Amino acid sequence: MTQQIRVGLFGTGRIGQVHAMSLATLEEATLAWVCDPFIEGAKRTAAEFGGRVSDDPEEVFASGEVDAVIVASPTATHVDLIEQSIDAGIPVLCEKPIDLEIGRVDALRAKAAATDVPIALGFNKRFDRHFVELRRRVGAGEIGALEQLIVTSRDPGEPPAAYLPQSGGIFRDMTIHDLDMARYFIPDIVEVSARGANVFSEGIRQAGDFDSTVVTLRGSKDELVTIFNSRHSAYGYDQRIEAFGSTGLLQVTNKNDSLVRHWGARSVEGAGPYQNFFLERYAEAYRLEVAEFLRAVRGLPSRSPGFEDGRAALILADAAEKSARTGAAIAVELSA
Amino acid sequence: MTQQIRVGLFGTGRIGQVHAMSLATLEEATLAWVCDPFIEGAKRTAAEFGGRVSDDPEEVFASGEVDAVIVASPTATHVDLIEQSIDAGIPVLCEKPIDLEIGRVDALRAKAAATDVPIALGFNKRFDRHFVELRRRVGAGEIGALEQLIVTSRDPGEPPAAYLPQSGGIFRDMTIHDLDMARYFIPDIVEVSARGANVFSEGIRQAGDFDSTVVTLRGSKDELVTIFNSRHSAYGYDQRIEAFGSTGLLQVTNKNDSLVRHWGARSVEGAGPYQNFFLERYAEAYRLEVAEFLRAVRGLPSRSPGFEDGRAALILADAAEKSARTGAAIAVELSA
Amino acid sequence: MTQQIRVGLFGTGRIGQVHAMSLATLEEATLAWVCDPFIEGAKRTAAEFGGRVSDDPEEVFASGEVDAVIVASPTATHVDLIEQSIDAGIPVLCEKPIDLEIGRVDALRAKAAATDVPIALGFNKRFDRHFVELRRRVGAGEIGALEQLIVTSRDPGEPPAAYLPQSGGIFRDMTIHDLDMARYFIPDIVEVSARGANVFSEGIRQAGDFDSTVVTLRGSKDELVTIFNSRHSAYGYDQRIEAFGSTGLLQVTNKNDSLVRHWGARSVEGAGPYQNFFLERYAEAYRLEVAEFLRAVRGLPSRSPGFEDGRAALILADAAEKSARTGAAIAVELSA
Amino acid sequence: MTQQIRVGLFGTGRIGQVHAMSLATLEEATLAWVCDPFIEGAKRTAAEFGGRVSDDPEEVFASGEVDAVIVASPTATHVDLIEQSIDAGIPVLCEKPIDLEIGRVDALRAKAAATDVPIALGFNKRFDRHFVELRRRVGAGEIGALEQLIVTSRDPGEPPAAYLPQSGGIFRDMTIHDLDMARYFIPDIVEVSARGANVFSEGIRQAGDFDSTVVTLRGSKDELVTIFNSRHSAYGYDQRIEAFGSTGLLQVTNKNDSLVRHWGARSVEGAGPYQNFFLERYAEAYRLEVAEFLRAVRGLPSRSPGFEDGRAALILADAAEKSARTGAAIAVELSA
């Protein structure tokens, strides 16, 4: 490659760091600008991974020195930064969700549909090679017609109390990843049912949110998808998918970094604990997510999820919230 | 024991045969009467397992030769036979469901509550020793507080078309076992949500029934229980339970009769197929179910599920049916 | 069947009890005589399982009331009892080993070869249905040509100190079962190498025996068989076989009675402990062993191992002992 | 770090490429010289990974531009290159074996012992983190005293026919890795027994070598170690270790890159095939091996195996060869 893609990064929190690190391992790109209103964060990141620093997105877009941007700033800034990217003709990879308000997303929808500027959404699980393999094998007909899909996703521990109010609630914050996974297998979801519960966290209860949820989706071919979420898991990050089809079953099991198993007087065949959390479990997926986005930047075919995928996941999350609150199944029409 | 319990058996279909066989292996009981309006069936069973034959339940009750009865006849006969048993003062083990109409069950409820005559319901899964072990370990606090329970139950193949109209639908016919299993762990269920789908069987669709369902229950402590059902399973009878608690997870996996595993060029660590169906998977449980009932007959403490358990399972099945039809979560009050 | 086979049982120790229990579950046979010089043992067994009692084998043979005998008495009595059975024309199932002295076995060999009286040897592992399945699948060519066979056999705990001097040593007492298993897959063994060690038991060391051994056999087609033995195992009875072939691998894994698995903070996917010992692990095999012998008694084709198998196992055990003591590989010719 | 370690690489075959790639990922080192009498190979490697090229080791040592060397050239050159490294005072990482002739190794031994120049041997398995974890846990007493160790190592397919004559035979070429693994757990081996077989490869037989072997070692505390080798494996690279101790068992199982498992009508729970061969299975280990060597170059404590480990492995391989040929167990004294 003759020239590296110059990337501007908005946001230097945990996920911003992950993207900066991915860029550092990808030869085809370089971190050109690091932007954060918390300028110390920007400086620290630039010190480690390179790039000029700014606390003002305008400066980055106006610099003429970025070929692509990655948006890892707080959710409330996403819509504006995507719009600015479109206006500047600069490809953008934006973290989920696009926004917590579907109205703001819809307001941008026509513009996003009309532009040629690549817009990618940060659904990292689509890049995990085990889930990719599962989808490929399901798509190849290995289990016949897909009838039931079960996604289990339990976080090791609940998020900091301070984060809860801005999280948008468990469905828009956590389930949204699994809702997108559902659509990775069954894009056309037509109905959402959800139940929420408060079984362990007083803090989450007081924030008006659920700590545990079960969501059931219906696909347009009457497939049923069920998503299990919990904000805690004593045995580590629990990330499984079970695809049940007319001629068989495929599962993605949890990942254990160690091949050592133990036999003792009280328990046999025990494995060591799982990887703790998403930064470990999806380290490779995060890198592939950025790499796939860079393909789009270079004008190559890319399988990155886009604006419509981000919008669909939010619609499903909203419907789940509504269903959990009212007890009614909610019909949705994602392509309307 | 000085004297064997003389048992009268109503119904000589598949499940009637199972009970006759169980009695044959239990020293403390003997098959005294076999009753079926299809008298040839009664004769065949008596020829193999002993007992006098009749096509008339009255004759059996009037004989003075039965100390207990087992009801394995068609569902429509259950209420009457239980009532006759109560009137005759003869302990009864009745197959599920008590009836397809909750009204008929409720009509018998006061009488069932008032009598001292043991009434046991045929929920065989409660006697499977793996589920018993799971419940014991959950009860012992091994995974802290139980937060989510997931019951997977998929039959190898759909029932005969002729059976469907009289089945009462998948919720009352198949899910009812898993609804009782839910109550085995969490007796006090307060809400039922269900979704049904038609993904593979034209016959089931034409019968107005679902071939695949997902039911989510809520316990009074906000526990969430999810039940997966399918009327077919390409890899054999699928019977699993996952209990997720605040400090860990316990699973009952599927049972494989063979300890042999295979490694080849295209697949490694593969096990042979599962046991085909419930008669194999629950053979021991059926026997223990009868043995536990016989304890009650002998006046010993017994953990057999009773009339109220049978009624509760039917109420949950009815609520699941209603929820699946209307899309609304249904509140239930089992002890009302 | 019109008439039950009347069985005489010699020896009422642990293994004698097992056989008595097997007979009790087999309709085609009845326990007719129980013989033990320790007459109290005979009486106790007869009280539980039926039969007349005696302390004198002659009385049993002379009674005219036995159609078959099972020899579960001390090893030193085996040769005489087999010979008496041949002389009396009464089929005999004899526990392994035939004797601890190959000379005494060879002295009986011609007579055993000449008679039509069925002589079966008690190698129970041949009747375990997992090993039977393994052999069937290997025989069917599922892994191509069998190249390496690995038998792991570790007892939960060492035998009583008092038993050691009469045991004949680990090779003749414990390994002999696995040597026969080797021959179940590869009958024609041509060479034996063995190493013994003393790593944990002072008592076994003082008895001049090994507590741990590794034996490697060579088949006539250059297959290599390795047997691992230990007189203790902290995680329970360890009974595995691995068959490595030119096109794949088949394993028989250990058996766990429970389907429950546990996930916790320090260990995941752990199963409960294994069955404790051979009476549990091989309960069904012991029953099938007797059933197969009864087929021979009835003149039906039977796959019970016979006198030559018993002799071959002893020759291999002797060779293993010699190899372990001298360090040299020992050539053997089993059919000479 | 202020300055990169300049590395000279001898040999640009398969394993030389692996080391060049490892160096490319390690910041602390740079490939300074690539040396191969087959100069085209040197040029190709240098073109990809950098460095000057030469076909003459003398030129490399004389250049004054190397701080360390890696020897991946044919076995016959190892002794000379190690000696030149010592003379030049340049740390050396040499592939196993040091030589095929123990006499040539012993001739260098005193010099190797006397020098301060780090000499590391390329036993890559010692750097696999699963084996490292196993050793750590065994060392921590998790299974009590180590009593039996079982190493299974089967290559996917036999080496090219042309390679066989120069391989030194299976024990010096393939088993040597596992012999070193044995010493990784039990350094003081006192006895070697081995059996070799020819079960599938006519080419290997004609080369006078074995295609399948079983080696049993004895440690100075009477531990028994058994190594299984085969030159082919239909299900991929088979790399397992089982450590049996007085209070439990630990296993390192095979590695499967995919978390997907399949359930079908004929087989359940099947995983995809294993990684094909050592370059994949030990990719990380090769990198860690070089990194550990670089620690020694920098004067830091390093756990790289050294000259004496290389010599010990060859002595054990020689003893295995002798034992396999003669049938006798061979006593060895590694520290003599």
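Note that the chains are named A, B, C and D in the order they appear, and that numbering of residues resets to 1 at the start of each chain.
As a convention for this text, contacts are C-beta pairs under 8 Å (C-beta built on N, C-alpha and C of every residue); 3 or more make two chains touch, one makes a residue touch a chain.
Just so it is clear, the structure is predicted and the values come from calculations on it, not from any experiment.
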Neighbouring chains shared between subunit A and subunit D, ordered by label: B, C
Of all the other chains, whose mean CA position lies farthest from subunit B? D
Counting in whole Å, what is the centre-to-centre distance of subunit A and subunit C, each centre being its mean C-alpha position? 59
Dist(centroid_CA(subunit B), centroid_CA(subunit C)) in Å evaluates to 42
For subunit C, jot down the residues that touch at least 2 other chains. 234-235, 247-249, 254, 262-265
Within their complex, state which residues of subunit A touch subunit D. 129-130, 133-134, 137, 142-143, 247-255, 258-265
Residue ranges of subunit D in contact with subunit B within the complex: 234-236, 254, 256, 262-274
Help me check something: in the complex, which residues belonging to subunit C touch subunit D? 143-145, 147-148, 150, 154, 191, 193, 195, 197-200, 212-214, 216, 218, 221-224, 226, 228, 230, 232, 234-235, 238, 244-249, 327-329
